[in-house]
Each structure stands twice: as C-alpha cells, then as structure tokens.
Amino acid sequence: MSKKPEDLKLIDENGRRIDGRKPDELRPVKIKAGPLYRADGSCYIEWGNNKILAAVYGPKETLPRHEQHPLKAIVNARYNMASFSVEERKRPGPDRRSIEISKVVGEALEHIILVEKLPRATIDINIEVLDADAGTRCAGLTAAAVALADAGIPMRDIPVACSAGKVDGQVVLDLCKEEDNYGEADMPVAIAPRKKEILLLQMDGHLTPQEFDEALELAIKGCEIVSKLQKEALLEKYIKEVGRENE
Amino acid sequence: MSESVVSEIKRKYMHKLAQANKRIDGRSFNEYRPLRIETGIIKKAEGSAKVELGNTKILVGIKLEQGEPYPDTPDSGVLTTNAELIPMASPEFEAGPPDENAIELARVVDRGIRETEVIDLEKLCIEPGEKVWIVFIDIHVLDYDGNLFDASSLAAIAALLTAKVPNERFDMGEDEPLPIKNDPPISCTFVKYGGVIAVDPCLEEEIIAEARLTVATDKDGNIRAMQKGLSGSFTIDEVRKIIKAAVDNGARIRKILNESTGRENGKEN
Amino acid sequence: MSKKPEDLKLIDENGRRIDGRKPDELRPVKIKAGPLYRADGSCYIEWGNNKILAAVYGPKETLPRHEQHPLKAIVNARYNMASFSVEERKRPGPDRRSIEISKVVGEALEHIILVEKLPRATIDINIEVLDADAGTRCAGLTAAAVALADAGIPMRDIPVACSAGKVDGQVVLDLCKEEDNYGEADMPVAIAPRKKEILLLQMDGHLTPQEFDEALELAIKGCEIVSKLQKEALLEKYIKEVGRENE
Amino acid sequence: MSESVVSEIKRKYMHKLAQANKRIDGRSFNEYRPLRIETGIIKKAEGSAKVELGNTKILVGIKLEQGEPYPDTPDSGVLTTNAELIPMASPEFEAGPPDENAIELARVVDRGIRETEVIDLEKLCIEPGEKVWIVFIDIHVLDYDGNLFDASSLAAIAALLTAKVPNERFDMGEDEPLPIKNDPPISCTFVKYGGVIAVDPCLEEEIIAEARLTVATDKDGNIRAMQKGLSGSFTIDEVRKIIKAAVDNGARIRKILNESTGRENGKEN
Amino acid sequence: MSESVVSEIKRKYMHKLAQANKRIDGRSFNEYRPLRIETGIIKKAEGSAKVELGNTKILVGIKLEQGEPYPDTPDSGVLTTNAELIPMASPEFEAGPPDENAIELARVVDRGIRETEVIDLEKLCIEPGEKVWIVFIDIHVLDYDGNLFDASSLAAIAALLTAKVPNERFDMGEDEPLPIKNDPPISCTFVKYGGVIAVDPCLEEEIIAEARLTVATDKDGNIRAMQKGLSGSFTIDEVRKIIKAAVDNGARIRKILNESTGRENGKEN
Amino acid sequence: MSKKPEDLKLIDENGRRIDGRKPDELRPVKIKAGPLYRADGSCYIEWGNNKILAAVYGPKETLPRHEQHPLKAIVNARYNMASFSVEERKRPGPDRRSIEISKVVGEALEHIILVEKLPRATIDINIEVLDADAGTRCAGLTAAAVALADAGIPMRDIPVACSAGKVDGQVVLDLCKEEDNYGEADMPVAIAPRKKEILLLQMDGHLTPQEFDEALELAIKGCEIVSKLQKEALLEKYIKEVGRENE
C-alpha cells in the first residue's frame, strides 16, 4: 500500500482493471500435481506470473525424540523466495516476512491435517517461490495443499486460498502487483471449502465493515474456483498413474 | 506456545467453564482487563510507554537516529519495529534472535502503524535522498500474561504520540514533537476455545486457544488491519461478530489512550 | 576513561562533585521487591537515573539432561541493555560488554547461592537495563540479589554492589556518567556484607595502593548503605503479603 | 551424505551388480542420463535455466545488481555464486546457511566459470573504481537424484549464456546480452565404487561411492578444472581414463548446451 | 571450565598438597613459570609475538588496516582486540564464535592496553574524521596450560612494542614503528584454592580454583587494572596481599619483556 | 590465476623461476613433530614462507552419542587461517574457502586412517595457518599427516601433498605466491606414497592432457621428497623420547 502516483488509474471507465480483468476475475491459474521425484508429494502452480513449487515430506518420525508430540503430528511449513524471484535480488535465507508467512500458512494447513492420527510424526511442507508476482502466500498455500494430498497425508478437506482487496474504491478479486502496491486494501483468505471454514485471514489497508463482507465473499468465490483446479490436477495425476499401472 | 505441556485436565476444565459461560479469571467474554498506560518514563529514549494489561506488562521505547532513506522513498523517514520476547517475561521465552512469535508480533504492530500512516514520515526527511530520521520502535515484553498484540500495539502508539525528534542531540536546534499524521488504529484481539469467543485472552486462555483473530479499527469504526493466528478456524459469522466487538472495545480503549497521552479532545498535532 | 576536556572540573572548590554530591555520597537509590507477575522472584531498582529490572526463574530441572550438574545448581546470569536505554540506539542482543558483565555478575552471585543444595537444577537470573546511567552492573547485581531472595532461592547472604573510583585526584563513591567518562579510575565492587567477602572486583584506570585501599573501603561503605535498602524492600513486600493473607 | 543409513545389503548388491558390469538403473558405466536444458523461464531474473539430468532438477537464476568493484580489480565486474540445497530437494537437506556440500558445489561451479573467463567481466564496469555490475549466480537445487556438480554447472552456464544486462531497470538505456568472452568448460563427474568407475552417478551410486572426480574440459579437449572428492583414492591410470571419458562426454553435452541456448553454430557473442 | 569432569579425588589431592604448602607442579606459591617471549615471527603481520609460559603458548599478531574513526574520536586511530580459543589448544575449546571466556580474555587484554594508553592513537590519524589506522590485536591461543590472561596480555604488548605502521603497503612512504605512548602495564594473575593463593596457575590449578584475581601494575608500582573471576570470594586482606605480589612479579616480568623487545634500557619510543 | 602484468616474466632466460628455483625444485621445507603439549599429536611445518601448525585430538568417544558411527571413526578436519596470516587482515572464523579446504583435506586423510578399527570414535584434526604463502593446503595436509602419526592414530601410510602447475607455459613444481597469482594452472595433489594412491586432486587453469601427465608426475616427485622429511621428523622425535626414557 504505497503512495499512488496521482495519474495512475487502477480501474478504467469501463470498470476494467489495469491488467484488463473484471473486478471479480481471477488471473490465469495452472496447477500440476507431483512434478518432483524425491518429495513424498509435490505441486507446481502458475498463478498470474507467480511460479511456485511446493513439496511435502512425511509423515516421518520426529527427531530428536524429545521434540516429539505424544498426541499429534508436528507440521512445519517453510515459505521461501528464491533470490532471483524478485526485481532486486533477495539475500538467500529467511527474512522477517517469510518467517511470518511460514507461520500463518503452517497454522492454516495444520488445521485440516488429521494430526491426531499421526502422533510423534513430523510433516514438512516446503514452498519455494521461483518467480514472484503479487499473491504468493495464497498461491503457495494452494500448492502446498495439493502437495499434501499428493503425499497421501490424511486431511479433512483440501484447503485453498485467494485474496480480495480494494482498488480505487472498488472491491476486487486477486490483486496483481500494481493493485497490491497502490490499492487501498489487500486481504488474503484461506478456507477449507467443504464447510467454508476460514483458515487464514490477514488484512492491511482500509475497509468499511460492508466492504469487508463484500471482499470476504469475493475471496471465498475465488477460492472455490481454484479449488476445482486443485482437484482436477490431482485427478489428472491419479489417472496417469492408473494408466501407467494398467500398461 | 508450549501447548504440549499443559495438562488435558486444565483444558477440559476451561472448556467446562466456557459451557457455563465463565472465564477462568472471572471476566465476561466481552470484558477487557484493566488497562493502564504510562508515558515518558525512559529518560534516554525519545519516547516511551509502559502498558499494563492485567498482569501483562510491555515497555516500548522509541529512538530516532539519522540514516539513509530507502531508494524508492527518498523523501521519507524510515520506520522500523522490533520485538524482544526476553526471558524475563516468561519461562518459555529464550534468549537469542527474535523467533517467529516475536517476528509476527513486531510485523503486526508495524503494519498497523505504517498502513494507517500514524507518523508523518515525509516530515522526517532531513535531506532528500541523503539523510532522514529513522524511527526505531522497540517492544520490550517485561511480563507475559497473554494478549501481547493489543498491549504492544497500544504501547507503541502511546510512545509515538508522546515522542520527540531529538534535534538537540544532533545539533539541529530544539527538540520538537514527532509529527503525527493520522489517528492511530486500535487493535483488539479475540480467541476461540471450547465453542466460545473471548476478548483480550489471558495466558491460560492463549495456551488452550484454537484460533486467534486481531482486528484493528479506526475511530470511524472502519477496519484497518486483521491478523488471524493459530491452527483453528473461524466461521464467517464468527468473524463478523468479532469485528463488531472490536469496534466497540476499540472506542473504550481509544479513550484511555487519549487520556494518557494528553489527546483527550481527540485533537491531532 | 576518555580524555577530559581541559576546562571540565569534576570537583569544585567546595569539594562538591559535578552533580552536587559529596565525595562519599551515593546517588538516590529506590528498590522494590516483586514487581513482576510471571517471574519466581523480581526486583525493580532506580539508582540515580538507572532504571533496572531483575527477574529470577528457578530452581528448575536443568534441561537437556546431559547439561545437568550432579552436585550443584547451575546459575545463569543474563545482563541485557534495552536498545532504547542509551543515548545512541543499541542493536538488540548481547554485545561483548554485556557478555562479560553477565559472566562476572553470574560468578559473583553463584558464590552466595547454596548451589550444592540444588543438584541438577538451574537458576536463571535476568537483568534488564531499561534506562542506563553509569554503574549499571552494580545496580543490576544489587537488584538480582533481591530478586533471588524474593524467589526464595537459598542463600548464605544477600550480595550487594557499589562502585568507587577516582575523580580529579580524589577518591569518590558511586561515579555518575561524567565521572565515569572523565575520571581517573572506576572500580565496581560486590560483597557479601555479613563477612565482607569480595565477590566482584574490577578496576580500570590508575590507583596507588593507598588509593586502592581507600576506594575499596568507600565502596564497601556504599554497599552497606544499599544493603539496608535491599532488606527494607524485601521486608515491605513481606509485610504486604502477610497483610493480604490476613485480610 | 547419510552413508550410515544405507544398509550394507544395498551396498553389497550394487557391488555385485558392478562385478556383473551393471548399474542399478540399467545404464552402462559410460552412459550419461537424459539431459534437458530449458532457458529463460524466470521472468524476474536476468537469466535463468532449468536442467533436468535424469530425476535431478536444478534451477539457476542470474540477477545483476550494481555495486563497488574489488579494490584490486577496479575495472572489472564482480561474479558471485551461491548454492542452496533447499529441503524441498531431498529429505537430507536442511534449511539454514549453506553447509560444506553447498559451499563446495558453489565454489566448484564458480571456479569453472571464473578461471575460464566465460563472462567478460571487464565489459561489466560502469564507472572504474566506483560502480560495476555484480553478477549473482544462484543455484537452486529442486530435486536431488545425484550429480549436482554437472547439472549445476550446466544450468549456471546456460543461464549466463542467455542472460541480459538489465540497463532498463537502472534507467541506463536498453537491455543488452550479458557479454560472453570464452567458450564455457563442460564439467563431467565420475564416481568409483566396487572396482568400477561410473559417469554421471545417480543418488544411489553417490551414497555408496568411494571417490569422486569432476573434470571440466573445453571444446579443444583441454582440462580446465578438476575436483576430487570423497575419502577414496584413484590410481594414476584411473585418473587418465577419467580425463579421456570427460573429453568424450563433454563434446556430447556441449552440443545439447549449444542447441538449448541458441549457440548451435558454436559462434560466440 | 569443565569443572564437572574433574574427579573429586584430584581436587582433594591438590587441597592436601596445598595444606602441605606444595603445588602440583612443584613450584612455590609465589613462583612464576619459565617465561619466553619471541617477537617478529610472522612475516605477514605488522607485529607478532609468541609467549611461552610453562606449557602455555600464545601467538599474537598485529595487523593495521585503514578505516573510519569513531564519530566521537575523529582524530584517533582505533584499537580492537580479539581472542580465539581455537580447538587446537585444548580439547575443551570448540570451533565457533568467541564464547564468554574468549570475550572476557579479549576485553581484559584490551582494557589494559587502552586505559594505560600504550599506543599513541592520536598519531594513528591519517585524515581527521575520514581515515585512521585501525590496529587489530589478534590473540591466538595455541597450547593451553593455564593463565591465558597474563600470557595473552604479555604477547599482545610485546607484539605492539615491536610492530610497524605498514605505510609501504598503502603507498604512503616507508614503514615506521608503531607509536608507543606509555609504558605498558604488566598483568599478574592469582588463584585461590584450598585456602592458599597461587600465582600463575597451571591448568590443573585453574580447574579447581575457587577465585581468580588479575592485577595489572605499572613500573611505578601503581594499579592499572583488576579483574576478579570465578565464583569464589576474596577477603580484603587477600586482595592486599595479591596486589603486593603483583607488583613484585610485575617487575621481574617487565625485565623479560624489555629484554625481548629491545627496550632493555626502559627507554620509550 | 589473475591477469598477469604484461612485463612480468615468471621464468627467465636461464629457465630459473621468479624466486630463483629450477622448474622441478621445491621451496625449503622444515618439519617438527610434537611441538604442542595438550594435543595428542602435533606438527609444525615451515614450507617456503608458510608457517603452519597441525594438532590432532583423539581417538575419543563421539558425543553426542546419536552422532556416533557404529562401524567407523568420524574424521573432522578444520583448516583455519589466523587473521594475521595474510596481507590484508582476514576476519576470524571460517570463510567459504576454508570450509572447502577443510572438506577436501579431511576426506583425503580419512582414506588412510584405519577408521574401521575405531568405531564410535572421533578424530579431530586442526590445521592453523599462522603465516601464509602459496600452497597452504598441501603444507597443512602434510603437517596433519605427521600429527596423526604423532598421536598414534592407526594409518595405512603417511599421506603427503605437493602442488604442481604451469607457469609461462612451463610445468613447474610447488608454486610460490606470484606463480599462483599469475600462472596458468595450479594443481594440488596428495598421495599415499606407498602405493601412489591419489587422495586429493584439484586443478584450476588450463592444461593439455600431456601437460596434466607431466604435472602429476612432478607433483608426485615432490610428494616423495617431502615424505622423507615427514619420516625424519617423526624419527627425530622418537629418538628424543627414547633418549629421555633411557636417561
């Protein structure tokens, strides 16, 4: 939410956004399940210009043993940006932003994993942002959810995330970079789609309670669209594997 | 935090209390703990405030130093927020660089102040592109009994509202008040456990909490920031109810803040 | 011990020091026992413009177990300066100075704790300098001793510290900031007052053996005054607690 | 790496295979795995390449920033190479600063590029002694199934050969290709186990390998770099045989590199 | 250091020896071990000295680089002291950043040199406020058999007294001796155990020592620095006795220092 | 391999090198076994202007226990340069170069130690470069091998190292600093001399296969000369000790 250049219009006279989208339109999203060989589960997502890989290892025994939880699995999420994924090279290693995102994404995903069925175990979730545009935490969480399913981790549902926000006074879906920089509010939301439980919710900017309701509804609508793409990606991988086994 | 060490017995007891519509410290679910704000207590700091929220005690100190602006905002001062969960405050806190809890705390407090433009950073430019004031907000948690988000945010804001620009220390004339631009947002935190939602959780509630939601609102009742935490979920209706309660509590807290920082009439610098 | 500006007089013609004190006069000292809720014992001290909190946790089992000492308690002291406690903001975290002070203060306090009665245990002592003037290690050690007593840690005595030094050729008690910067010697001393055992002793500057004797005597005199304030603070808290119990 | 966890049974089985002149994945001992190089895939990077060598996947991104030259080479750009063995790529890789394996990998790739002067660093001087381009080569290992040295070195070279100088981003006119000086060396790695020497080891071979030798050769068949690793030894004859095989494999790999970077005719920029 | 691993038997044996007025290595309680100082042994360093104190061996190297002065002393060179307790010197020393023992050692040596103004830092100013000489004293402990404080302090001083300013390396004319201002203080360390006080403790004595006191004295017999260590206590009389012994030993050590640094006549630069 | 100043001749018209040596001539090498008191084995080497100490501790039980190898000893090598050992002061602590050298030197030495006879044990090898000229890794490895023998570590052979390279188009032995900086190739080699096994081999620069053969042969010749000095140093120490015992 930087200061907007005065002549910058983010919504034109036809109600179109700076990248030509309608207010409730998502950027193009492509999802592929299982692209990696070593990981127990993996997913590659392209969401607008974001390119993100997620990999899951586990469940495996928590080591050292004194860190085991006797009643449930420990879920570790690590969100990382490749140093070349942003305009100005980022120093490798976690910064404060990626530590916070790792925390909120990990907490959101933990809710949906049947951790109580996997005592003393650890599940490691790795999210690598290879090319970054706005909305990496939503895209990364969405990919991580597919990777968890691909790894066969028992889950109550497949979480999914999408952001909504406010741009030039208008509530819009899935902010792009310019909208994120110069808009009035950005609100990433993750849900468990089956019961519409809210798993992740952050907001910065300025929303009236009415705008918040509108934005939340829009974000959930976006989540539901992406949720279908997640399931198609998993199905496609499943069909391929069955096909291979039947050869 | 340290969930695994709390006995299941305690959790069950608190769930039972919740079913009977009671909290472990006797408060109602929409009742904030007694709040006390004291400012100007650290002589060496440019601004300072101590917040006591129940047994939770936070000290925030503001220091201003001079440095280079960021290349993309050459005309603006720089704001940087740091939180230290020092071992003094809790047996669970360990010495060392900030962990993910301290980082989340610092970033949430920082965003609340930054996005609302509480400080007028453009007035903190000394020489465009060369030299600006850097405002350091340092959150020192002294005694931890829950709800660090609200207490830290309030202490940071109270310290900023009463801080000065230390011109004298840099041979630049007389000290002046730190330029304030917008009315600060008031942060209000809720947790969910055993089917109930409680405002301003004490430590025992935080330990068993399933989900947490912090909502910062402005004096017009609009939402300025939200941060959901922990691995539980909220329904849409729960979020709406929380926002409503955050607006109500926010008004009461804002009154205490204004009184303790000499902004009783709500007038801004 | 920086170079003194030539026109700076630290002792005036009437023998008064730069802040108006007599050579053997302490700065004002206020001590409060038990201000913190979570800590097992705590103390707040104001000593001149110093504002310092001390907190004690323990005795508790030493973990991990392979670090336990089979015959005695381990005493960990951590002296820390808040980043806003000094003129120019200090980077958070331990610097070399605070590591050294933590070490010498911890060693001094360990002597007086009945560590041999608490095998396999750890006692953590935290000293937080919130507002710093000269003499923080003496004030911090003094506060830590009260916090130990407040925590009920078994001790042979209640340690206490005070510095003496040399300023404009004169031996003086309890140096303030200007005296510390431009004086000729600073000597922090901690003692166990009952038997006048010396627990901490550091010195930098220039003292003849005679001046050293004089300074040591003065420092011990200062310790004895502060020792009374420590006991009054503990008594006051005890009376309050008894009062509360009798209500 | 993690040798102790591999059962002796596996080792013995692979030794038996080796005696029967077989590798665990069915290749012959002088057979490289299928190699695929893709360039220009990261929009935010100045250059990028993904190398798939069997199941091993490496992504290299190139970023150029501006900074000061080294005092002893005031007229030259700066080259810096970093490798991240991220936990995504293998259960044995841990988050944190590069360990000795990542450092050896980065340094071997760096030396191959630096000593052969692949980049024309003198053309990357902006203002002598003041400002030069700094070329960051970041090696991101995505999927680890052996032979990181060859795959990383190839990916770094392919990314460099297709990289640009981002003049536009710094308001310095149009972007231009990164100046390339010399034909790059091609790295070829061999391991020894159970009495045999195998090119391009897969992970299972690396785990039981006794000794490793990487040889980088140029298009004229000369040796440009060598790096022996692991605690086993080579005889002089084994080293000679490896050098010969490195030259042969190098020619084949170079062809694939040239095709995928648009250097089919071997012409240099 | 590692007290817990020493058997109680050894401690009791040494206490018994002490009662019989004997030390484990046969010395009297006021007897310093043989001391050997050698200077100018590291070609790459601007100054260097090796001190052998019994079996303890310390190597100190001095390097001078150019850098900015501190803002509050724009006309002065900068002194910085670092101690490395490298794993070579003792099985108890671990690789890694300096621990509290190394830091205390470096700070005590540093204060001794700094407070006495051994180096004339004002003569190390090149351009006021802009460029000054930075003097790096690096203490490298090679073999640890007790009393690092005295050995390190002596080695640092001997290295400084024979160091040069490397003008040639910076194209600033001929090298010249490092400007020395004041006669250095001589540090003398004592430990207390089993009711006795022993000068210059060997390692076995350090391990069981209850309290340690280091006293640095100048050539006029005045006290320039003191540092008490360990968790035992001293009586006032013990401190007085130690000061007296420090003055006596100091004179003898100073003679050896002067001889080995070519300052036999006590004349200063 | 920096850019050579145009007028710099590294080999003169008589075939002599810049420091007066012949192409196949070593710099002066002096080796002393056992100079240190605490270490289980040690060695001091002067090789040209290099001054290097090596110390060995072990075999000792690997701690913590979960890091023990059930079938063999763990060999840890640590190559370190003193901050004053180079022209421009080096920051203390390991840099990337010393981490790589520690790794390759440790791997080379491990081969020759009978690690399988020492299960669950650790052997620590410390190499401290006190004064650095070119060729520190070869000199350090050579010294470490003597220190291992001095410590009585069971070994199949005593490893030894020496470099060869190419300078002004000529293959030469044991490069000095200028040759290392401005030459065309440097190739450190370590061997187990008994069977001429190659333990360490690195190369940067430009060698034809024929030049490589020549350089390898020359390096091995250098190794064999230094190997004799290693054995003489060990013998000298042995004789001294026997002498002392017979006194």
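A, B, C, D, E and F are the chain letters, set down in written order, and residue numbers restart from 1 in every chain.
We adopt the following convention: a contact is a pair of C-beta atoms (placed from the backbone, for glycine too) under 8 Å apart; a residue touches a chain by one contact, two chains touch by 3 or more.
Everything numeric in this text was worked out from a predicted model, so none of it was measured.
> Quick one: how many steps at least from chain A to chain C, stepping chain to touching chain?
The least step count works out to 2.
> Roughly how far is chain A from chain B, going centre to centre by Cα mean, in whole Å?
27
> What is the distance in Å between the mean C-alpha positions of chain C and chain D?
58
> Between chain B and chain D, what distance separates the C-alpha centroids? Give it in angstrom.
Distance between chain centres: 49 Å.
> Taking the mean of the CA coordinates per chain, how far is chain A from chain D in Å?
32
> So that we know how the chains sit together, what is the shape of their touch graph: line, ring, star, complete or other?
ring
> How would you write out the ring, from chain A onward through chain D?
Cyclic order starting at chain A, direction chain D: A, D, F, E, C, B.
> Using the touch definition up top, name the residues of chain D that touch chain F in the complex.
Within the complex, chain D contacts chain F at residues 4, 73, 100, 103-104, 106-107, 111, 115, 213, 218, 221-236, 239-240, 243-244, 247.
> Using the touch definition from the top, list the residues of chain C that touch chain E in their complex.
For chain C paired with chain E, touching residues are 1-2, 69-71, 75, 96-97, 99-100, 102-104, 107-108, 110-111, 187, 192, 196-209, 212-213, 216, 220.
> Mind pulling up the chain D residues that touch chain A in the complex?
Counting only chain D, the residues touching chain A are 41-45, 48, 55, 57, 59, 61-63, 65, 82, 84, 86-91, 95-97, 136, 138, 140, 142-145, 169.
> Give every residue of chain F touching chain E within the complex, in rising order.
Checking each residue of chain F against chain E gives 36-39, 49, 51, 53, 55, 57, 60, 78, 80, 82-89, 92-94, 124, 126, 128, 130-132.
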